[in-house]
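Dumping the structure here so I can ask a few things about it.
Order of writing sets the labels: A, B, C and D. Residues in every chain begin at 1.
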Amino acid sequence: MDYVLDFFVNLGRSWTTWLGTFLPEWGVTIINYLVGGIILVLMPVIATLTLTWMERKVIGRIQNRLGPNRVGPWGIFQAIADAVKMLIKEDIIPDAADRPVFNLAPILIAGAAALVWAVMPFGKGVIGVDLNVGVLYLVAVGSITTVSVIMAGWGSNNKFALIGAFRGVAQLLSYEVPMILSIATVVLLAGSMSTMRIVEAQQIPFIFVLPVAFIAYFLASAAEVGRAPFDLLEADSEIVAGYFIEYSGLKFGWFYIAEYGNLFAVSAITATLFLGGWRGPFSHQAPVLGPLYFIIKTVLVVFVMMWIRGTWPRFRIDQMLGFAWKVLVPASLANLLWVAIVLKIALPTIVQWALMLGGNLLILVIAAGMLGRAAKRHAEQRNLAPLSSGAA
Amino acid sequence: MQQVMFIVISAVTLISGALVVTTRSLFRSALWLVLAFFGIAGLFVLLNAEFLAVAQILIYVGAISILIIFAIMLSRGVMDPETRRFNDQWGVVAGFTAVLLVLLVAILTRVQWPLAAGAVPADAIQRLGADFVGPYVIPFEVASVLLVAAMIGAIIIAREREN
Amino acid sequence: MLSQYAFIGVFAIIAFALPVIGLVMAWLLRPKKPNPAKNATYECGMETFGDTWVQFKAQYYLYALVFVVFDVEAIFVFPWAVAYNKLGLYALVEMVLFVLILLGGLLYAWQKKALEWH
Amino acid sequence: MVPLTWYLIVAAALFCIGTFGALARRNAVGVLMGVELMLNAVNINLVAFWRYINVGQMTGQLFAIFVITVAAAEAAVGLALIIAIYRQRRTVNVEEIDTMKG
């Protein structure tokens, strides 16, 4: 019974013991690294195979359609059919391309999407490696993505691709700042950068204490992975398909996999930082439930992102960058300072949390009010009818 | 094992460093620069300075190399593959740096360093944070002023004049 | 600690090897029939004219500039946040000062319309 | 464990490579990349000395962080200058940017 309660950790222990019966210690280490690594590396691929199907179904329902339903029951094999197609599709490299750079970009972006999973806490003791600098590692890996976006744009030697890459990088950079600041707020409250300890510090999920940080992180991560309403990178009507326009076949496929892998990863990070990660009812008595809670929370976040995509129109690039710098960054900074102030007031933890929540709500109201004023001013300048009067 | 890792990582760093200064295409040499930054982050890890390794990737790869690539693209026209990479005195400079390297190595291998073995403190990152606001508070605040000053200056310089 | 990073190293090798393996597989499986029209630069069906390396607006550089400042700020904020529980009130005051200076810089950039998209 | 001297030699080599780039490159951005390499070599030295000589105190790492900060500021201003010069003169060749020459 005890074995089942902490199944994953015990399984790992039994596996290591079993390997130890016929392998030297270093051999066990190497095998464990390889097995763990391969499982984690496959996460983006798994995410792509499942999430593309889920996304089509969800968006289909929102738009009053059925979504894929031909390949397999409810179309669940659609993603596999797409994968096969990408694998056997002809690969076109434009003559003008800077070949090594062109070919390297998809490899780097897919590798970076996989690297994130090394520090993801699936459950108590179920983690690739619990780094001291865990969350900062996540941000640092993200910078590989930025470089590969530029490489793709440059390597293609195509105007659209280069413009797309520039826009993409401007977007990635602008939204990385509120992302870093809201992560810093969580680190401040948890007192550690290790992803595992951040989860353990969440006696109540941080979303109830730091809603501003949560919203800032959620929106920033939606922009980082290029989800609607921030999907300007591939605004088909404006710049055709963004920086990966010249890619075809599996090279395009790796961009696609990186995109969905990153979507899944940022949702998992959101679940870890703000929704309590693997914590849930009885998760301490039965740690085997941890990964289950973690996956449920992650898929929930993914679902909300899809919901937003299905219902919101796209931002313009100026609106989008302005939103990051003029709303999210000041709000996150104010939030960081407020949490720091409250933590230095000697009060019971509960009262501190309540104060933080109160301050967060105040920041939220102020930010919303300023946004509303800006929108009104904009509407007056352009002589647009205010939304409330109902132009339609 | 550590020695092997050290040799591999420093070979990567030095080779990509050499390619940075010799590659004709500036964009590619910026990419080699990124690889060199990763190698240096690897050296930091070998030195047990994990926070610095992550900071290295975050700042150099994530920010400075992006700035460099943007500047390369903004000052285009220099991409002409026919242009020379080096200026006229590159031969002299090469000789000078070679002599410098030999001198440095000769000195470095002769000095008796006052080595003090010790374990890396487990709370190294906390100590860093404490030192920032403790004994090093002046450089800490000056860093903030420096960053803002650099930002303001660079904005003024780089802005396009509105006619 | 080093063993943790040994795992990261092994993991990084696997992570970058997987796309390579995939591409090699695709290379074995896919057809290869290039022709000049296919290999031309894609531009909505028209012939490409001019150089790709058209000059870009300095605006992009300004965003990167403000980003660099806040990115560097992060490496100061994170150790401070980790150590914060053990520090006295001075830690708060000093960080408030640090952030306010940066905020001043952001406001300046805002005022100078460095954050506007022209 | 790797001897301290190895790190110092690698740092010295990187510093010399950077110096060569800074002095011999014609393109101003290339010069700047050389300077970045030199600053990184300095950082390797700082951290190596921290690890081998004064591991109890964080001074070496702290200074490395300040060096990174200064490098970021230097890159930001330097590249802004290069962009501005390019806009005025249509060149970033350091041999041609010599208006101050008497």
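The rule we apply is simple: a contact is a pair of C-beta atoms (placed from the backbone, for glycine too) under 8 Å apart; a residue touches a chain by one contact, two chains touch by 3 or more.
All figures in this text were calculated on a predicted structure; none of them were measured in a lab.
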Taking each chain's centre as the mean of its Cα atoms, which chain lies farthest from chain A? D
Would you say B-C or C-D is joined by more C-beta pairs in contact? B-C
Which chain is the middle one, judged by CA centres? C
Where the CA atoms of chain C average out and where those of chain D average out, how many Å apart are those spots? 21
Dist(centroid_CA(chain A), centroid_CA(chain D)) in Å evaluates to 34
Quick one: report the Å distance separating chain B from chain C, using the average Cα coordinate of each chain. 17
For chain B paired with chain D, centre-to-centre distance based on mean C-alpha positions, whole Å: 6
Of all residues in chain B, the ones touching two or more other chains: 2, 46, 48, 50-51, 55, 58-59, 62-64, 66-67, 70-71, 73-74, 77, 120, 125, 127-128, 132, 143, 147, 150-151, 154-155, 158, 160
I need the residues of chain A touching at least two other chains; which ones are they? 131-132, 136, 139, 162, 166, 169, 173, 176, 193
Residue numbers of chain C (touch at least two other chains): 1, 53-54, 56, 58, 60-61, 64-69, 71-72, 74-76, 78, 81-82, 84, 95, 102, 109
For this structure, enumerate the chain pairs that meet the touch criterion. A-B, A-C, B-C, B-D, C-D
Considering only the defined contacts, which chain C positions touch chain B in the complex? 1-2, 5, 9, 53-62, 64-69, 71-76, 78-84, 86-87, 90-91, 94-95, 97-98, 101-102, 104-105, 108-109, 112, 114
Touching residues on chain B, where the partner in the complex is chain D: 2-3, 6, 10, 13-14, 17-18, 20-21, 26, 29-30, 33, 36-37, 40, 43-44, 46-49, 51-52, 55-56, 59-60, 63-64, 67-68, 70-72, 74-75, 77-78, 83-90, 93-94, 96-98, 100-101, 104-105, 108-109, 113-121, 124, 127-128, 131-132, 136, 139, 143, 146-147, 149-151, 153-155, 157-158, 160
Chain B-touching residues of chain A, taken from the complex the two chains share: 98, 101, 131-133, 136-137, 139-140, 142-144, 146-147, 150-151, 154, 162, 166, 169, 173, 176, 193
Which of the residues in chain C come into contact with chain D in the complex? 58, 61, 65, 68-69, 71-72, 75-76
Seen from chain D, its contact residues with chain B in the complex are 1-2, 4-10, 12-21, 23-30, 32-34, 36-37, 40, 43-44, 47-48, 50-56, 58, 61-62, 64-66, 68-77, 79-84, 86-87, 90-95
